[in-house]
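In what follows, chain A forms one complex with chain B and a second complex with chain C.
Up next, the complex of A and B:
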């Protein structure tokens, strides 16, 4: 005969508590996903009409062109090609500046964790992360734009590079610290010099961490607007010269927002920017998973 | 003069008053004196924390990675003081095998074997490289197992194979001396057996110093044994003599299991 187990009141209380807690955790997790989907939905709903091939092939329309189109009730012509190329140019230069410096600093911090200088650099890098982007923008304005007597993509890149640095430094430091000491010792025990071991053993082994960290840093600064307003300024044509004022997707969104005739373009360009950022993020995640070294 | 030259040739490794300290004033290895002959296997035994790995790591100047560690005394490798040599050269001459297999995770099996040359920026032609890889892998009896999967990652192999790969990596540089720091402690019995057989084979060409806390392993493998206790080299002699007639009471107690 089977005897049915009877739960004591304490056990019942604990089971109920556990269930409530589980439910609460699930609900709250679900809620965090809501804003992202609402934002995506809003952008798709408002932007899909303008989200077409022109977006990638034509430069931003002038206010006049847009007004004429509005009057004749046809869709606004033009795209955001100048913004896309500008974002690419500014990001490319920012990457060239920030990644080597960030990785080197990260290696230094990971390899000399106890040095006073390292502690100093680490705290400064954390502080740098907290500096408002517009402040970095105006400082770069003083440093670069005024001496060069003109707004330029380069100035924008420097502002973004400064913003990227702390993230790259941190991710480099963390991914190198995670490597077992035996790896470094193995390299040195084979007679490799310190530099060779760092370059050919440690950095490749930490590559997935460095790569994801850098990608996340890129996606983080991709949508920055404020620092670009005072450095890259914007341009109505496609520009590949780093010393000239250059547009960016985020700058165009700001321009569209400020012009009632162009306001309809805000949605499609925002959607594109968001897709870029999400794409980079998802790519970074998949890389982190795929190249992870056991 | 003749006499000293002969003496130097006789011993491949000479330790003179070697002390190592992690904290100033406290020696983890205290005034060790020992000479090691060519083509022998020397086992360093002792309880945990007695300084056996510390002594081993002094021989290829591994301690210099950590500025707080201080090594004093003289270590002569083939008659030359290693502290007068370039540390990178010392480490090429004294290859090291670690406790846990540590192949480079980003490199293929082939690249792992040749890694020593790459890290030393020694350029080899393709045929030379192939030769080094094949002979190194053959000498650790891994060639037949991996010859068809040279481009797979080193971490793809089993633990025992990885350890043999690490030994091949050390042998590829043709060292004078092979330092092994408990090379089988992370391996299963079958892999341990294979590595032990390998050590027996390698003795013909290399001089091996092996740290082990496994007494039967020391008895099986080594010609000479050192027994260390609390940083001191208590006894050093032929393995046979030490296991049958230990001179020191502490050695006897350790070997008979009074403490471990």
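Up next, the complex of A and C:
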């Protein structure tokens, strides 16, 4: 019997098709990585001229100063000191709020995995994680900015803390769950109370997970602009008072972007922000890797 | 006694999360009542956004958000699926895949505002040169940038699901003479299908809420976009743009948009989490 072989069913055709697909996958994957380098290159190329010591020691210039500098064709004076200090202040308060609460909730979830309450809290934490950052900003505006009758660093910190919480809860829960049960049992058998076992055995053993989780959470909220826009607002001077409006690096970038006179400063400040964020990110991942191997 | 106090503290911390969520919902609902009592449910379907007459409607922004996010999702699929197959199937547990996945993950670390700048100064001129529109702003520009932003979320999760496909299934197919591609299309993708779907739903949820990049690129006009080169405004971007100067009914309307955005993203995330729960069972 003679069977007509169709082209599409020959082994050669199928293998070629498979190979072409493989190359397509590799090419598309390679293309996906390109934007990271394009963005880095763009920031370095346009930002290095303004990336100097002044960036760290002087506050942002006014639109007028920048215009004068532009007319005389000299580099724009000033830096983003008010943004750097603001970011540090806002982040510090956010960390103080989010990390203890997040760790406690994480411990609760890991210790009571089957309780209905734990399941409920876990889904709510997922829900919180999904809320768009601008909506969190609006909520903090409603609860903090309106009652305090003014924008403040504290409001910004609370917004960032709410964004960090779900990530810290998740990483605490997962890293405690990964610990062997025998560890906890050994602690209890030695006569340690429940409190001692959690504080002296479980949390220190899970430290690497907690630490990297918190670092990743920090790096994620560090570049946030939208929630700060409606909570911390921004300020033109260095401010260490948490109840006053405060600037942040990301807020300054937004200001520079909106003011044609200051547009040149946008690149150096973005470069600094990106270096901060990616640096923390890479650092967290590298120690995660190191500690996992041991 | 000490233990009881400690346990109570943990319990209270967990209650804080419930309180926080309740506070988010209560705050948004109570502040948007003003807009809803003024315009009724017609607020959602009205296309008007008129500050002078104090008449507001959310439809143009819902449309803008949906158009940008859906387009972004479409743009992101070929790339993130490739990355997922690269890391989860072709080069699973190889060194090159850890490099690729960490570089793609770094994309998720770039702040939204930096994406916005890059889109504004680098991509926009390209779109203008291509003759998409005069100014370059619009749905297309924002969806391209959004697509890049959500690729890492979609690809890392779906790579995990693709890597979870049992080896014996794949080996069975190989032993029957299937090629690499045939194994992927007839084993990997069907088996990991719902997981991959869930990761795209999650990525879609991310795209819905992105604020700064979209605000900088979408063009900020309060109309329903009619084509992909048209300008518009998304729910997040109208809030970011007009929140500072708003008061009274307008402020309440912006908060109502915030509430709608919250509800939409919550539903999307719930669907994704539900699918993933079913997959893991």
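Operating definition for what follows: the second predicted complex is superposed on the first by the 256 of 294 C-alpha atoms of A that agree within 3 Å, B and C clash if a C-alpha of one lies under 4 Å from a C-alpha of the other, contacts with A are read in each partner's own complex, and residues count from 1 in each chain.
Quick note on the criterion: a residue touches a chain if its C-beta (ideal position, glycine included) is under 8 Å from a C-beta of that chain, and two chains touch if they have at least 3 such contacts.
Values in this document were obtained by computation on a predicted structure and should not be read as measured data.
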item	value
Fit or clash between chain C and chain B when superposed on chain A	fit
Which of chain B and chain C A:121 touches, first, second, both or neither	second
First (chain B), second (chain C), both or neither touched by A:187	first
Which of chain B and chain C A:201 touches, first, second, both or neither	first
Greater residue coverage of chain A in the superposed arrangement, chain B or chain C	C
Partner chain in contact with A:219 - chain B first, chain C second, else both or neither	second
Chain B versus chain C as contact partner of A:147, first or second or both or neither	neither
Minimal inter-chain CA distance - chain C and chain B, angstrom	11
Overlap of chain C and chain B interfaces on chain A (superposed complexes)	193
Contact footprint of chain A on chain B as seen in their complex	60, 62, 65, 88-89, 91-92, 95-96, 98-100, 102, 104-106, 115-116, 118-121, 155, 166, 169-170, 173
In the complex with chain B, residue positions of chain A that touch it	180, 182-193, 196-197, 200-201, 204-205, 207, 293-294
Chain C to chain A touching residues, read off their complex	2-3, 6-7, 9-11, 13-14, 16-18, 20-21, 23-24, 27-28, 31, 78-80, 82-83, 85-86, 90, 100, 102-107, 109-118, 120-122, 148, 151, 155, 179-182, 184, 205, 208-212, 215-216, 236, 239-240, 243-244, 254-255, 258, 261-262, 265-266, 268-270, 273
Complex contact set, residues of chain A against chain C	14-15, 17-18, 21-22, 24-29, 31-33, 35-36, 38-39, 42-43, 46, 101, 104-105, 107-109, 111, 117-118, 120-121, 123-136, 138-139, 141-143, 162, 165, 169, 193-195, 198, 219-220, 222-226, 229-230, 250, 253-254, 257, 266-267, 270, 273-274, 277-278, 281-282, 285
